[in-house]
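Accompanying notes for the structure given below.
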């Protein structure tokens, strides 16, 4: 028997689209008891919100998120606003007993994130954060391979997330799609935007990070600000790299930038274990590379595994072997898992608490870069 | 102002799913005057048809395609049945004045395909065939590059479509998903199933094929037949390769098989021109490889272009640079283009007439293989 | 105890260099009883021959190959002349009881090649043909893997050799380095020059070819002739492709051209067997790609094996794992194997007789292309 | 007119072979006034030294390097001993007025290296250090592209050198080929052995490094020592990673390890500039990857340039386009350039003084790792 989960979406930007698509698609491909219902979308600009509702089939529109949270016909609040606008709605929604799905990073900093954790835990409401890359089938498979012990003891973890879209110094900071360049809205630059993804995946795959040594750089020091109309100092990090130790004794190396000419969204990681290694790359997300030292030596090499067969994670829900899926499928998988978790009562990570740990690593990274010293991760 | 296009779908197998997904998704991403409405699905097994309708949101169910065609509330008939069941519904739908979308290959052979062309042309109804790979953005871009003259005079065209799913001799032929191994339902083996795709793309990109020399092979001579329960001779071609000449003087080389261990759906093509070359591969469908001889010699090499930026074909409708799309998007693009064509009156290919040419090449290939001689393509 | 093998080299062009390098290097890396001694080089232009001798350390120079063959201090004749000048020296050398190393293709056609076989066999002299690509370590490994049965029954063999150096219509035909464009000197175009390599490897790896259907093309119909100073018809094949059957029931597809923009010396082959497949590419000669269907399905994929470890063929003679070798090493390996064969008395292929079979396939290919019909391979 | 350069080689291990090969080959491929003559090889074990001399054609043997340096018939001393045995012979050779070619890293530490610099500079003798990777044609081309300004302002430099040969804890440390695991002979582990290569290339391509933050790890704490026969603490670094700033404002990220399962000698670097980026990988040394932002956007992508055409650095001396060279060619190129420098009087880097800078970075890296703090590079 089917049960509705009435969704109230806050924000209708890029992430509003990816989430709405997931709600639209999940029941075509996954069989879950709970079915999302696109009940309402909330945005400050009523006309734009209505246009979004029309395109995606939301039944109604709100312009004040407090109104949205107050509605009895809303079961779950999905937060797609800039980073500095997560905690308000999240805490209010928790207090109202709503289920919460929150965009990443969870908050501006750990302190705020901790309050959000406390709120959802006190209220006992189901909660999840949209670190969607865990649910790329290749990444989920990586988790399985590690958990099965195929890699053995881990020596090295390295990840990077490279882009090149802000090299142009004429690009402004500020409103609309450019809030990611504005420290007030974003909290940090690539650290919260991109490295947070790398860190979430890393902790999930390889356990906790204990200490970090980081450096950050802001290559373009001033940019026109869209909202003030003036050249203003850029306060976010354009690039960030850090060394770290994991609790399991392995060494980590992370890097992110928006100044790597030639890369659009090159999120890659590689893990070297005693027995095997794996490698993955978002630009070719349907593949996982795998090296198994136990292979016969004359035919031992990196394997490029096309993650499309029906026995791969999630792939029995899609097409036939050899046929690719794309970026937006990760959100569909996350909704499917989350709906399933409502049925079973077993949380589908990353919960707010899981996301807090990523936030603590980000905080340590930013502190280390500022103070030029090794910094322990709190927690 | 929005106009509905009421769809009646015949068949609810694999292709029924890809088309239904396209109807569900197109209006979320493309702004077209006509909006598809999933009105009815038709299948012989009422229960299964109903389950499909429930999952995909079809309003009603039919068990007889003649009933479906007879309905006044149906504007367009979409044919997703095995190859031997295309012409009946298509001709009847044309006579009833319905718009028609037909799965590929158009028919069992050219003779049947010719009748279907005559029917739609006599009726003057919009028609299209689901050669979906034209609408992979990388493939559409290839067409643009060629039409702009970037390759110059073409010398070589080579394509293959390699799979490995029928190597196991215990795999039966016959009913349900296995009709592709049954000559009665499929007409031919890899020629109609896979090479037809390669030929459609080739003609689109490089013009007509004039003559062919082909060989076919059936590696497993007998398979259990699901419907008769007996071992029966396998009458389809397991593998087919052919040499050909194009009208523009270039040489062609085509191969398809279901016995290429290690390949799931490896559809690739490469085109060598005087000035530039291009290469593409379905396993990595978001990329196009391009070699430009006019580059400075010390930095001249094959480029791997990630076809995800907003200025690539169709990609302004999806996500941001670097983020992949998948297989099913080709069908969404085809529906978007077809809906647009209803608005403009300018046909979005491939029409039945276009698909007839592919059928004629397939017929020549099968004739050449049987008679062991070069065979001219009719038409 | 070391024994000298006194070499008399005929021709000092490109192949003269690769062979001379092999004679210079073999004893630095391989421990053989016979040591080649660079005794004499023979060329019509005495000055150029002397310069070559000086550079490579040949002790003396001849300008008439008959004189060279007549010398008592010469043990082995190495023939590096254009194709039409192989049989004369080879037959004379055999009659003089010399060991013979002959460049490929063995002769202008099978008839001539047959006479050369008869001559060396009647004389009982050691003989070998420089199909050097057999001794790329990755290719030698491919042979081992097939012979061990790792691929199982073979279904498909495809190979091509793609170049782009004659697209420019202003390139002349004729003398010096351009004899390969002159039918008189070369016999054929890409068929004897490039496909002969592909065919030699194919027969070695996959057994005899029984029949072929081929097409050839000459894209540039006339070129200035260097020797006559006039525009003359181009009589060689610029491109050639053929379908074939192997004696073991597998299907073959071969292609070669000098008009594939973007490829310099792209010799590739792929073999698909029931249990495994392999792929190789001269542009990345230190790698072999391997797919093994018996791998666990979730980590099954094409492996890229870097053929540099000490347990790979020939590689214990070179550097350490991960460090590449290059093109010229194939000739060193061939000399090493040939010297060893003189010690053991067991022929190191390809012998003249082996090379005759390749010639017969080439003849069948050229006949098939001319007559537009399937042609059986003689022999 | 040809002039001999009489070589006295100290050490006949792996590097003794690569250098001897370079002396044997250089005159076959490069036209230089000075020609190396393999005069004498020096090693403590007379029998082994003699065997090496026989194999490589050295005219004589010494067992005491002081004797070798004392010989009047020796022009140049080539030092191929473990790291702790460089400075003694180098300083003595300088004092004796000999030309010196010294293996890398120059010394055990900067202090020792500084003394060696002073010695050669005081003596005014030609000197060079075997950082051979500068002379991979692809790397030399990278230098040219950067110097031409094709990359514009540089933002990022990242390099790593990954191996996996010491994962096995049963591998001993100590004598013979295993001196690289013994801190006494090697000074450090991967830092001096592998990162030194990365640093030399980086400084050459991107200028000086100003400060570093590093971490090192020794995964296997104890190993059997070959010379003492006892388990002894491992004092070298098994892995080392560091962040750094370059003088030009770009950020650097370096990593090296012998515990990266699946990598044999994976030396890679990537440089991101405002206008273009480049990438290179020792496992595929004949290729350079290049991304040029000024390409038309629809065909913009990473180019894989096969560095084999005659207009590429050094490649006019080898074969024809498309044909690979290998690892040992780098040493031949270095000898060719060094011989040329003797002719012109213009030093062919890296000189001892150049190599000192690399040593200073290594020292800063080891200091930073030990003290867990950012460390300025001396100099």
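All chains are identified by letter, namely A, B, C and D, in their written order; residue positions are counted from 1 within each chain.
Criterion: a residue touches a chain if its C-beta (ideal position, glycine included) is under 8 Å from a C-beta of that chain, and two chains touch if they have at least 3 such contacts.
This structure is a prediction, so every number in the text was calculated from the model and none was measured.
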item	value
Centroid comparison with chain B (C-alpha atoms), farthest chain	D
Comparison of B-D and A-D by number of C-beta pairs in contact, larger one	A-D
Whole-Å gap between the CA centroids of chain A and chain B	36
Averaged-CA centre spacing for the pair chain D and chain A, given as whole angstrom	42
Length of the line joining the C-alpha centres of chain B and chain D, rounded to whole Å	55
Residue numbers of chain A (touch at least two other chains)	263, 287, 302, 306, 309
Of all residues in chain A, those that touch chain D in their complex	155-156, 158, 162, 164, 167, 213-215, 217, 219, 239, 241-243, 245, 251, 253, 255, 257, 259-263, 272-277, 291, 293, 302, 372-374
Chain C to chain A touching residues, read off their complex	141, 144-145, 150, 287, 289-290, 292, 295, 297-306, 309, 311-312
Complex contacts: residues of chain B adjacent to chain A	14, 18, 20-21, 24-25, 27-28, 55-56, 163, 165, 263-266, 282-287, 306, 308-309, 319-329
